[in-house]
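Common to both upcoming complexes is chain A, partnered first by chain B, then by chain C.
On to the complex of A and B.
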């Protein structure tokens, strides 16, 4: 059975976990817009945006180290882009780009880590993301686990026959077998997709995936939204010009 | 039996696109309150047969379910009356939470979301999973997944339950739980299984399929004894 770290974080008893998914998405959007449109970040502005992201980590009772590490996964892409700027002699802009991309990743992780996927998808739909896209994302997320489990079983089967990475290096023709395994995984995915469609039809599916009613917004949700957007705007307007 | 059958199948034939004849003139009846086990080797056509019972596959021959002939205009009503539990619960539990999944069929049929939620919670309580409503299906154990899939079927209050290999992936305690749970449900049941002990524990009678035909009918123990499994196993993949 798979457990995703984000799912485990989402079940923690943090204040942020209790907030409506829609307000968290809007607050995230506000944060990203404020961060993205700020003039080149001076230290006070960077510290301000950093403090907002850190507040999210605290309110969600998320493990700070784990969030920091996971957010660093975006750094290689940022570094790649920053390298271009460095070569062009814009060292400050390169640093600025890295800080912005890292803080954006932290903010996204805070929202994803405090909101179950079901809530996120429903919030996306109610905020105007096309239903088709939401349904595709949902099925992708739902069956990612099933497929990865299947892939792990196949990997175990291969290893049980004495084939490992060293074997692949020694005998390059085994790459062909690995490709065959991928093809099998693809074929099984297709068969599963057909079976899922059959199961949907059996239960009355008529071309539209419908959800139960979303939860009502509570006073705490409105308060969070107002405070979050005000703080993002304040950091953007005041601190960004303080440097 | 004097009562009208809930399901009447006459001379059903079905050939897959690759030319394989999966059902070859199958006839069958299921009566109210009955539990019938469908036994037979891999490739004998068991799953193909049950997929016809709510119109997912359409072969030649006649199928009448609850007095309705299976045809395009009746499919929605027939699918409400025939609850189909698939072999792999991962294929049946496709929504992000257990509650959403159980409510899926109700919402598809246009039920008010509040009423759908009430009915879905009642179905979850019926299978002892009321505490799992907000959990994603991939966090459930195999036994819980099976019960959640059953709740999703029961929420529509079907008249007939069709279960395809319901004991697959279940450990002995989960299997015993399932026997108790199914035994308490009033619906007529048609159960495809390879599990002879399970079939003997739950079914009033059994039919034995071989090469797309019912070749014998009787008590589970008699059929298992008469046919066994090995001599008839064709080795073909079940479809």
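On to the complex of A and C.
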């Protein structure tokens, strides 16, 4: 499953994994803004942005092939959106958009692959994202895979009671059945939320995730922040106009 | 439709990010008050439910199937503001973990799907949720939520200079209408089953007529941006002219690579890059300061 892969990458002994999550988040925004506001990418600029993303992959000891493959997930919708430009003969501009969206996805994956979700959410909160939204995100990420598994169990239960695809097709009120399945899943989710709520109150939860250790910036964090932002700005300003 | 990074014009990115940051901050505050902090797990778990629900396929015949998008279902079961917060959380996780939609484009995607989509979908429900038209309200709400957010996404792309030929535009419009109808029907199927199974799940949210105003605003916003995009796709260009970043916008909007090279006077990059960064830092600082001030006043 997806999250298992990202979590496994996050535990690798890379230099980027040790950096403060806030620094990585700010560097990611800097990279994306530099890339998003650059004029149409000529070869040097595209190579420069690509090199920055590749440096992140190396510093995080991430598997390059897997990152490249996962980042390709953005290409189908990108191709769909760029289809008009391709048909209209503006192939260069379409290629420019696709390269941008692909590089952005690689950058997001570098940060996600070197930062555990909990640390990332903590960084978001300290950078000013509303705390309530952060709490919702914590629970959403925690129960995402639990509920997906429950849906898979329900599907398995239907299958094991003898309803295969062909049988399903003959079923007269299939929509009703699917709607009912979702209603059951929803009702169970509500019951689960209620149980979590009581269990957490019993353990002293006060509406905020507490941490055992305060986040502290180390010299390496400042170094990374300064170098990353400088390089992003340099590629954006110098290479983007040198082409 | 989740817009990836790289497709939107910087002005659109900045505008939508500002709008949705304000809307989500207000919605988070309202949701927190409505739920009295006592149901903090509820929104996260229902958000996780939407992910799981996308694994349940509804057959459509012809060998195709579809799944629930969930915005309208969240609005009906949680209420307007909590649904917006939950949908925002869903979009954040989709962008970060599943590469579904960009991170910079999150502002646009949140505005389209979590803010305008849910507010527009809530409009018929806020008006007719108690009368005999109740089922129709859910159907229409599902339809409106999908069509409003899809139309806004298309308009933002056109405004950003992603040219879409008429034939493709029409087929997307047909597709959008069909998936809107489908979302309405799916939401209706789930809500009816839920009413038989656990009616209390539908009584959690208090529906207020006044919330229809937000729905009207959302429909007007969607209609307005579509009208601007269809009447004057180059409006950003002329706006950029006036603000004084014409060269840059033209370089972004029109293709020819050669043009911007000529039009870029050396030395102007630095001032523009610095101005852009400064503006960003100022906006962020102002936002954080405002949030701090509001928090202090509330706790005082």
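Annotations for the structure displayed:
What we mean here is this: the second predicted complex is superposed on the first by the 208 of 243 C-alpha atoms of A that agree within 3 Å, B and C clash if a C-alpha of one lies under 4 Å from a C-alpha of the other, contacts with A are read in each partner's own complex, and residues count from 1 in each chain.
The definition used in the following text is that a contact is a pair of C-beta atoms (placed from the backbone, for glycine too) under 8 Å apart; a residue touches a chain by one contact, two chains touch by 3 or more.
Please read these numbers as outputs of a predicted model, since none were measured by experiment.
In the superposition on chain A, contact of A:138 is made with both chain B and chain C. Of the two partner chains placed around the shared chain by superposition, chain B and chain C are both touched by A:146. More residues of chain A lie in contact with C than with the other chain of the pair chain B and chain C. In the superposition on chain A, contact of A:192 is made with both chain B and chain C.
In the superposition on chain A, contact is made by A:78 with chain C only, not with chain B. Contacts of A:64 after superposition: neither chain B nor chain C is touched. Look at A:183: by the touch rule set out above, it reaches chain C but stays clear of chain B.
Look at A:202: by the touch rule set out above, it reaches chain B but stays clear of chain C.
The interface of chain A with chain B overlaps its interface with chain C at residues 2-3, 117, 138-139, 141-142, 146, 192, 196, 200, 205. Listed in rising order, the residues of chain B touching chain A in the complex are 51, 54, 56, 76, 79-80, 84, 86, 88, 90-92, 94-97, 99-100, 103-105, 107-109, 113-114, 116-117, 120, 134, 136-139, 141, 152-153, 156. Considering their complex, residues 1-3, 7, 116-118, 121, 138-139, 141-142, 145-146, 192, 195-196, 198-206, 208-213 of chain A touch chain B.
Against chain A, in their complex, chain C makes its touches with residues 1-8, 10, 13, 24-25, 28-29, 31-32, 37-49, 51-53, 55-59, 68, 73, 77, 85-86, 88-90, 92-93, 95-100, 102-104, 157, 162-165, 168, 185-186, 189-190, 192-194, 196-198, 201, 248, 251-252, 255, 257, 260-261, 264, 269-270, 273, 276-277, 280, 284, 287-288, 291.
In the complex of the two chains, the chain A residues touching chain C come out as 2-3, 6, 28-29, 32-33, 35-37, 39-40, 42, 70-71, 73-74, 77-78, 81-85, 87-88, 90, 92-93, 97-101, 103-105, 108-109, 112, 117, 120, 128, 130, 132-133, 135-144, 146-148, 150-152, 155, 168-169, 174-176, 178-187, 189-190, 192-194, 196-197, 200, 205, 207, 233, 236-237, 241, 243.
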